[in-house]
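Below is one structure; the comments refer to it alone.
Order of writing sets the labels: A, B and C. Residues in every chain begin at 1.
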Amino acid sequence: MIPQSIQDLFKKFGSLPVVVGCLFITTLYVSVCNLAFSEGSALHVSTYTVTLFGKYLCYALLALAVDLVWGYCGILSLGHGAFFALGGYAMGMYLMRQIGDRGVYGNPELPDFMVFLNWESLPWYWAGSDSFIWMIFMVLAGPGLLAYIFGSMAFRSRVSGVYLSIMTQAMTYALMLAFFRNEMGFGGNNGLTDFKDILGFSLQSDTTRIVLFALTALFLALGFALCHFIVNSKMGRVVTAIRDSESRVRFIGYKPEHYKVWIFVVSAMLAGIAGAMYVPQVGIINPGEFSPLNSIEMVIWVAIGGRGSLYGAIIGALVVSYAKTRFTAIMPEAWLYALGGLFVLVTLLLPKGIAGFVPSVLDKFKQAKKDKSIAEKRAAEVKS
Amino acid sequence: MINKAGSPLLEEENIQPDTRHGVILYVEDVSVSFDGFKALNDLSLYINDGELRCLIGANGAGKTTLMDVITGKTRPDVGKVSFGQQVNLLDMDEAQIARAGIGRKFQKPTVFEMLTVFENLELSLAGDKGIWTNLFHKLSGEQKDEIDKILQTIGLQKERFMLAGALSHGQKQWLEIGMLLAAKPRLLLVDEPVAGMTAQETERTAELLTSLAGEHSVVVVEHDMAFVRSIARKVTVLHQGSVLAEGSMSEIQTNPEVVRVYLGEDQGAA
Amino acid sequence: MLRTFCLIFTMLISALSATASAAEDFDALINQLPHKNLRNITPLLEKIAAQDDERVRFVLTEIVNGDLYYLKSNKQVVSIRKTPDGDYQLTAIIGEQALENQSKSAMKKIRTSNRIRSDIRGLLAQLDLTHKKEAVRLAAVKQILDDPNSESIALIKKHLKTEKSEDVVQLMETAMAVNQFKTGSVQEKTSATKALKNSLEPSVRNAMVQELNRLSEYKNSELSEDDKALKAALTKAIDSIKQKRSIYEFIENLFFGLSLGSVLLLAAIGLAITFGVMGVINMAHGEMIMLGAYTTYVVQQLFPQWIDYSLFIAIPAAFIVSGSVGILIERGVIRFLKGRPLETLLATFGISLILQQLVRTIFSPLNRTVAAPEWMSGSWQINPIFSITYNRLYIVIFALAVFFALLAFMKRSSLGLHVRAVAQNREMARALSVRSDRVDAITFGLGSGIAGIAGVVLSQLTNVGPNLGQSYIIDSFLVVVFGGVGNLWGTLVAAMSLGSFNKFLEPLTGSVLANIIVLVGLVLFIQKRPKGLFPQKGRAAE
């Protein structure tokens, strides 16, 4: 059973302090165990595990982004991988420029793949990519702009439901094809990799990895707080109302398309941040991240965790990612069966996901307790 | 009377329809066709300021399509629709029309099922409908009082924290009427308000609608002839997309053409 | 007809070789080969060439290639092929049976010189020019046309009078004109140019361009009047050829576009039924296509001896396999998700993952090759620069046939009527005692079955792999949405126009970029007109 004090906290502030607290404790535990204990120690957490956790937290942030648009606004985006990858590429470009003349070809200006393609100078859209500030800007602006353009066109012409889902999928598919081309100037097939350091700190060092991990946890906490604030504001209620009946919202004077674009852009930016944090920890970004399958996997995180519940999205991402890691290590063949089966089972049997399932079981439990106590009371009354 | 303080960008919130001629809604020579089928055919209709008007007509006569045209859901092929003398509704979308002061209740009750009754009313309140203001919006004491008042009017005080999806059909109808009231429109379009209501509820609805007339203008579409008789002062009969007759209930009932094409059949059926 | 040919053939041969005697046996002539030397072999070869025997051509070609030997032991004439392990594989000319492999020391080559080889080539050309089959004669003339010399032109002149086929005569005249153009005086060149201005042969154009380039090196003042006339005629002729070529290029692109469109049509039309008519989002549609392709593979594995007829078995088999899997999916999953399109999308996506993995487990993740039957290969050469491959042609015809069959089914059959009724108003249809559950299952099976047929066709175009279907699912959805949901004709128009658009864009941008442009264009289009090219109007469509 969940301790009573946590339940009270839940009632008062919702899931916000619980989630932030859990994140804080995990980060602290992982960092201390990684840095303070030596490798032989039983309490030691390996750097590999730290990076793995960092990856999971990136996925959790991404799941949050998907949940914000799908769970609360009813927009099923099958293209959120595109925003994630764009954020990742923005970070990748910056890291690429940090390599400097330490590349295979030793060109101080151009990344290796451009030298390989016999390019003379950087393409215009690489301008400023060696600046950290510019990178931060691009991590937000790249996905945000794409979401704004796509969203304002789609929502203004009232494309919705399945049509929108398929269009988002087509969007990420087109981007994947585009990024596979060498001429695009993003490294083609191989993507961007062989990163050396970030802000002068080596990406290989344990400390940098811990800091990156902690930062990811921080961003996840901030993202959670932001989403929590949005969905609990009046705006969040308008968004929920749009999910339930878009035309009714329109007839009481709101412009659903504005709200949808806004929430879509916020969500895309969150996904972009997740991508940007993912790249330095994993060490590579390639066009495979745009593949429609990736985007759909994000949706399944949210579906399993429970859409329309922010902490559910996080749980879903963590559970599914962990299962994937285990499965692919033990029997890689079975993973797609498991994933496919999850899709079918969750939609058929668990439409509200884990977050919907657990409380309903708890409710039933409580109800049973209540019924029991009422019955006992009645029995006592009858006796007296 | 109506708190219309909003951002200057949303000018339609400050629209005051010009009703110097006593007419609040002009619908002139409007035609709409779907794949060759004429849903509205050269229809003209004028609603006076503060009037309670009933629209009747057989299925397919064009009642709902007319509502759709007025609220901006359907664009007419030809014709003119204006709010007061000067506000051209054909240039505005649904949200703008709603903000300008035309409220609508649907045939099928549509409320936000995953929000509570209270929240449903909160969203419907007149006021700024922009994103940023809503992100940091806090209900004022006045607004809370207003919602309480409406809850009382529609008799849903006890259900205020219930999800709207859990309400009964009749309660949803009332909630939707309440949402209309919260928006404080100048003109109310009410599509079949008493469908699925008990006799008692129907009576209360009739009372409510008649009390609204005067301050608001109300257009009611209804099939229930008894209900129409109980509230109507002026009735317009639609037939095959145009106005067949207009006048008081007794005039309509004695109009030979109306008797032939509508009342006759309907009464025969009823 | 055949008899006349034979008659002409024999007449020609007797006219050509002075010492010809039909009585002399081919086998006997071959047996004389080992006994001849360089000086006296030519008359024997001429005699062999004069024989009315199918092996003549083979023997002469083998001599030219230096592959004709005789065994030292018994003077038996053989043709040899080197085996990978250094030995030689022997085939006796007489009797045509394979002999034991031998090392080279046991054999001796039938020796020839350059002159003899050139003589033999002349004999071969002559043989081809008098061949019974028109296609062989055409090919022979064409070879001469590409590189004319005085001897071959003389041959052509000789056979021109007796040639009966219009096409061959025309080509012979072109060849002579080309020769005249290459070797004649300036005036002759000019007249040859005028005669050749309608020819589409690549070598004609090359020769003209070469000549024009040569003339262009001189200043105008340095050219004689005749040269100027030639130059003008050349410019005009090249322009006219260019124009014609561009017309044919356009037609070719159009045809490629239509054939791509047909593939899209086949892939999308099943979806037009399940998504368009029933409103069910089936993300596993691509896997239905894939199953069809694998069915073709299995059918070919089961009946390896009947590759030519395998498609006729594969088409119904694929329809049944994919159709029944479709019905299983509908009964097992989709019917529980009625009215929840996004959930249906997710669940069917899960099914698609399972099906893909299933195929990987059963058939391995590697691509499988499906053999093409004989009659699907080859192409229909309409003119020198324009040909249509048979497989594309059949696919276009087949796709249209499937489309019209489906259209007829939907419009004419009572089941089709039920399907449309359920699609438009389920409650009403049920009230009229249509069994909507059964109709749903059958419709879904039908759509999936057609996807299976599409898979059979795709197996003829690409390798069959687990990801085959995935690459078509987005395209198929876009085709259906572009054409207007619920409108079969719209699907046809959308598929064909997208296919053509893609193919016309390809030469300008490359295929990947063309793909991207089409995708982006479609996304923009759907945002402008969410209901597609041919939307359904009215309140029912809301």
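Keep in mind that, in the parts below, contacts are C-beta pairs under 8 Å (C-beta built on N, C-alpha and C of every residue); 3 or more make two chains touch, one makes a residue touch a chain.
Per UniProt, the chains are A = Urea ABC transporter permease subunit UrtC; B = Urea ABC transporter ATP-binding protein UrtD.
Note that this is a predicted model, so its numbers are computed, not measured.
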Closest chain to global C-alpha mean, per-chain Cα centroids: A
Distance-maximising chain from chain A - centres being C-alpha averages: C
Inter-centroid spacing, chain B versus chain A (mean Cα positions, whole Å): 44
Centre-of-Cα separation between chain C and chain B, whole angstrom: 66
Distance between the centres, which are taken as Cα means, of chain C and chain A, whole angstrom: 49
Residue ranges of chain B touching chain A (in the complex, touch as defined): 71, 73, 93-95, 98-99, 103-104, 106, 110-115, 119-120, 122-124, 126, 129-131, 134-137, 179, 183
Chain C to chain A touching residues, read off their complex: 281, 333, 336-337, 341-347, 349-354, 356-358, 360-361, 474, 477-478, 481, 512-513, 515-516, 519-520, 522-524, 526-528, 530
Residue ranges of chain A in contact with chain C within the complex: 76, 153-154, 156-159, 161-163, 165-167, 169-171, 173-174, 177-178, 180-181, 292, 296, 299-300, 303, 333, 336-337, 339-344, 346-348, 351
Residues on chain A engaged by chain B in the complex (per definition of touch): 230, 233-235, 237-238, 240-241, 243-245, 247-256, 258-259, 262
